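Listed next: structures, encoded as structure tokens.
Each of the two complexes below includes chain A, the first together with chain B, the second together with chain C.
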Partner chain A sequence: MKHFGLLLFFFFSCFLFSSQATAKPNLKVCLIFDKAGHDDHGFNESAYKGFQKAMSSYLISSDSRIFEANADEQVDQALNGFARSKCELVISVGVNISEHVKTKVANYPKLKFLLIDDVGAGENVRSVSFREDEGSFLMGAIAAMKTKTRVIGIVGGMNIPLLQKMINGYKAGAHYVDPRVTVLTSFVGVTVAGWNDPSKAKQISLNLFSQGADVIFQAAGGSGLGVFDAVEEASTNKDPIKRYAIGCDSNQNSIKPGLVLTSMIKNITQVVLSSVDDMVEKNFKPGHIVYDVKNNGIDWALDSHNRSLFSISEIKKISKIKQNIISGVLVVSPVH
Partner chain B sequence: MMQVFEIASFVFASALRMSSPLIFAALGGIMSERSGVINISLEGKMLVGAFAAAVVTYYFHSPVLGLLGGALAGFILASIYSLFVISFKSNQIVTGTAINILAAGIVPLISQALFQNTGSTPEIPMADRFTQFPIILSWVSVVLIWAWFRYSPFGLWHQFAGEHPYALQTSGVDVISTRWCGVLSSGIFAGLGGATLSICLSSNFTRNMTAGRGFMALAALIVGRWRPMTAAVACIFFGLFDAVGITLQGLTLPQPDFDSALLNNFVKFFISTQFVQIIPYLLTVIAVAGFVGRSRPPKALGIPFLKNR
Partner chain C sequence: MTILRPILATILSLVLGLLATSLFHESPLHIFKIFLQSGFGSAYDFGMTLTYSVPLILTGLSVSLAFKAGLFNIGAEGQLTMGALAVAVFAALVPLPSLIAPLAGALVAACAGGIWGALVGFLKARRGAHEVIMTIMMNFIAAGISSYVAVYLLKDPNTQNPQTLPILPAFSLTQYSLFNGAPVTFALFLSLLIAVVCWLYLYRTPYGFELRAVGENEHASSTAGIGVQKVQILAMFFSGALAGLVGVGEVMGRVGCFKLDFSPGYGFTGIAVAFLGRCHPLAIIFSGLLFGAIQKGASDLEIFTQNVTSDLALVLQALIILVVSADGLWEKWIPVKKGKA
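Entry: the complex of A and B
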């Protein structure tokens, strides 16, 4: 048995060395995700789509791989593995994982890092952040436009600075359109489990409904599906008030067509693609890039699933607000 | 006044809903622990049950089959667990933890094979989901298990396997098979609890969606002193605190207005969501420390049974 194990190890190592010897020196990209995984119907999934697109449109080593860290301690392990397997670009997706990766970047001077949603320092680090407050401002404005009860809500995963930024933007946007609108806020949990608890998010949304909210913006990651469930339940149970949800991070309009008012899109796919492009073209520069409404990093989703929910004048009004944010007439401040 | 009534009824309804997976899991814990086997692997069994229920419902469009599928998955995991802890007499805490890790690992593996993703299932349409049935079933099970322990001879054997297994052996009952039955039924109940989460309270399986409920059920079981009725009441209380925590967030509460800032902060602290959410855990610590009556585990809990001592 022991010998068999040795033999197996020998074969594997042969295989490894031979594949290294024959592979073309293509760029090798590694992605690291938090425990929500690469298919969370939201943020991580759009990053993964970017990765897949990059795989098909650039000459990228087929050894490129992804790592899903189930615990924060695994970050070191993952980065060590990346470094050993000659990864050139490490993309860390989302604030939950980036905040750990950014403390380790100095240990791996040969790797290049792309930190999404957090800001790190170093010659090998490019940080990308989004103006979620601008996007939330748009969402707040749309919610205030469509609400009949003058009460709207936002459900967050847990109370972190990013969520405060979004809530402030959402409130500012709602009050910009209609100062009489009340904005209710709720968080799913006090630990990271709050990002993955749809049944609780559903109860929270039903609670917000009972307090009169008719539009709810979900900013709760995996828990957000519970918000969509609550909206669906309200519409099937012949609720006299028409309730809507607003999606987040990626275009979630198709999850419950007709019940999702719109989605705040963070164009993560593009971020991943452009960084890979820079690596391929050998002009990857460190620094901090901010994606906002102006450079198309943040947008609202309008497609066949929600087109019928808006009148032409409403769409014009929303586009006007968006134009004003772009031209700087309307300044959204990240702090309240 | 009307509003107060509305809020109270909402809180109670949501407590009932949120507590039903807990009740199932706590009943599972009771079935196993009363027969003398520590069951720290409730979380893993719930997770597997939730996943299996979502998969079966997705393919067969029948929530009843889904519920059965969840129970079966819990059953299978429990049989692995009892094989190790009862037949091979391995350490129950270590094995239980291993089962939890196994569950967390095997779910992404299967979902990769079925849906090409790591740990979530597609949406289940509303028509294929339960709205109330599992919640009612959880309370029916509470009564059934209460009666089982109180009125059936099997229930008595079951308790004796956890209190004095050697006395039970002397009276001619096979302790090993009694414990097997206890752990296997615990798997069924934990699986049902998981199924309630995925096909009743939400619309699909998402990664780690049990979110620590297996351990909360364990806490409820300790607060409820290893009795089905009291444990169910403890679960309701846990659900109630959850619901109160949810409701407090949406409400605009009158801000405390005392002269001293210290007192104001004090009041704010006690009505904050974070505080309300830790109450169940505080309560468990207090219960384990023995402040609310005596909470005594079954005497032979955690001690493997050796037939030829």
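Entry: the complex of A and C
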């Protein structure tokens, strides 16, 4: 009986090598997105990039799927379908989806779950959340450093607690650098459609410009593209004040090079990839992981598109603030 | 003949839609199999199909009742939002014994939706405001009010989602265990019952007759002594109430609170459901079921195929509407008997 396992392994590997020339990956991973879809140029897209990378580097099977859910019952349906189609890891992207998925994880003990932006419980669940307040603090500090008018703005998708957390961080960061800075706040919509309405976001940004704001942080998901458009319009119309936008969720510096001051990066691509890696190595552990500035989950984007916007002393100053957050000298609290 | 047309139209458009998938290197037969499997394959699948169908049947009824009175109600979306919001607020705040709680909740939902519809009916009847424009605008107002309530007034502090406080346990409907976890509740039978009541009302009562008369010819009805204004207001009230009842299944049956934007456009799909059912209350049950099955099947396509996404549901719906409404074509193929037209 001792050698039975060895024998089985032998048979199995014979079967493997006879049937396929190269071993195909058979880990099936499934992602669930909210209705903004997988190509929202922001949060969802960075998760999707992780999925694509895993796919192209042959970590996961080509049967892996993404699913865009319009309503909660579709999420239920997707989970049911994934379980039936031998999916092993389900990744729920964003708080809208994760909040619902976490109530269902107990029904699928054989599946592993990665919840992004919400915290669930269970032996098969890994939860991931981000310290957006720390990131927003950095963005506020950078905005306050670069503003000439001492007025900066933030455009949110809609008024939810997450946005309040970001606004508070943004304000705190701005006032940390310069207490005289005024922070203007505006929301695109009162419904979930506010996350996907670039033309309205553009109008709002132009409105904030007219109130004197020269740096606008977009925290509006898909609507954020409108903020970039507004900045571009100001620039082509030879606006005497130089206006900048700040990107969110993924590195958006390249969307309008030279006009995007920086972006608050949530490193979701890495989060997805590392969980896939853990699955491949059979090392997937449940628990709650908080990504912050310290462990590189949150960062500010500095690349070839925006380097010319900063002087060396400014970059040093920003790095100092970042360092202070990491070392704990500077404590960003989510509530003020 | 009137029955034949929608059925043939459905079959024709299903065939067309499925053939279209072969352009994306999928076998139409395989897709059809997935559709059948995911719509009716197991108790759970069938339960989900029913769950999708219930709101569609109700909004379909809502649209067709107004249509019978000569009114085009595009506001079912707003009316169902108000109905769902009202029942969610009521069920979260008013403690009632569990015997009468669901009934009271249903009444509240129907009244809220009804009032939202009757407002339009009133403006139409008294001021001549066009109901299409009015209902569209009321949809936005409903969205605004519901988001104000869900975000500021009655926000559930335990979640990031904009949603109201959970309803009290007395209000929640039991989900039948027969369906392996699909949230099928009494709302299903309620919608079937309501469809029958609608049919009785329209075709077996003098009020229904008046309503249809106004729909056929306003001026003739007025001459015949029917209070056209009263009928229009009442029709919009009932139409709104039917849409408002969506809140019963969605809030008390499935979700347990009001979630902002919970409806994936039930009110608008309801228009398609109504027209496929030719605005006949009993036929709407079947067209609602068909649309529910399409919605269920299409989202499973995303899981079980490589290239076809759930947007196929929209393609199929569009094809069905196109084929059903291609009147000239039908006259040529299946001429209506002379003297009956």
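Going forward, the second predicted complex is superposed on the first by the 309 of 336 C-alpha atoms of A that agree within 3 Å, B and C clash if a C-alpha of one lies under 4 Å from a C-alpha of the other, contacts with A are read in each partner's own complex, and residues count from 1 in each chain.
Everything that follows uses one rule, which is that a residue touches a chain if its C-beta (ideal position, glycine included) is under 8 Å from a C-beta of that chain, and two chains touch if they have at least 3 such contacts.
Here the structure is a predicted model, which is why all the values come from computation and not from measurement.
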- Putting chain B and chain C onto chain A via the overlay, clash or fit? clash
- Message: According to the stated criteria, A:Ala193 is in contact with first (chain B), second (chain C), both, or neither; which is it?
- Response: both
- Query: Should A:Asn107 be classified as contacting the first partner (chain B), the second (chain C), both, or neither?
  - Reply: second
- Touching A:Asp39 in the superposition: chain B (first), chain C (second), both, neither? first
- Looking at the overlay, what does A:Ser319 touch: chain B (first), chain C (second), both, or neither? neither
- Message: Tell me the contact category for A:Gly81 with respect to chain B and chain C: first, second, both or neither.
- Response: second
- Once the structures are superposed on A, label A:Thr236 by its partner contacts, choosing first (chain B), second (chain C), both or neither. first
- Message: According to the stated criteria, A:Phe67 is in contact with first (chain B), second (chain C), both, or neither; which is it?
- Response: second
- Message: In the superposed model, only one of 59-67, 221-229, 239-247 or 257-265 in chain B has C-alpha atoms clashing with chain C. Which one?
- Response: 221-229
- Item | Touching both chain C and chain B, counted on chain A across the two superposed complexes | 68, 70, 190, 193
- Note on the structure: Listed in rising order, chain B residues that touch chain A in their complex are 6-7, 10, 14, 17-18, 104, 108, 117-120, 123, 126, 197, 201-204, 206-209, 211-212, 242-243, 246-247, 249-251, 273-274, 277-278
- Message: Applying the document's contact rule, which stretches of chain C touch chain A when the two form their complex?
- Response: 38, 44, 48, 51-52, 143-144, 147-148, 151, 159-162, 181-183, 254-255, 259-264, 296, 299-300, 302-304, 309-310
- Task: Spell out the residues on chain A that touch chain B in their complex, using ranges where they run on.
- Result: 35-41, 68, 70, 153, 184-187, 189-190, 193, 196-200, 202-204, 206-208, 210-211, 222, 225-226, 228-229, 232-233, 236, 255
- Task: Under the touch definition given earlier, write down the residues of chain A that touch chain C in their complex.
- Result: 30, 65-74, 76-78, 80-82, 85, 95-96, 99, 107, 117-118, 158-162, 190-193
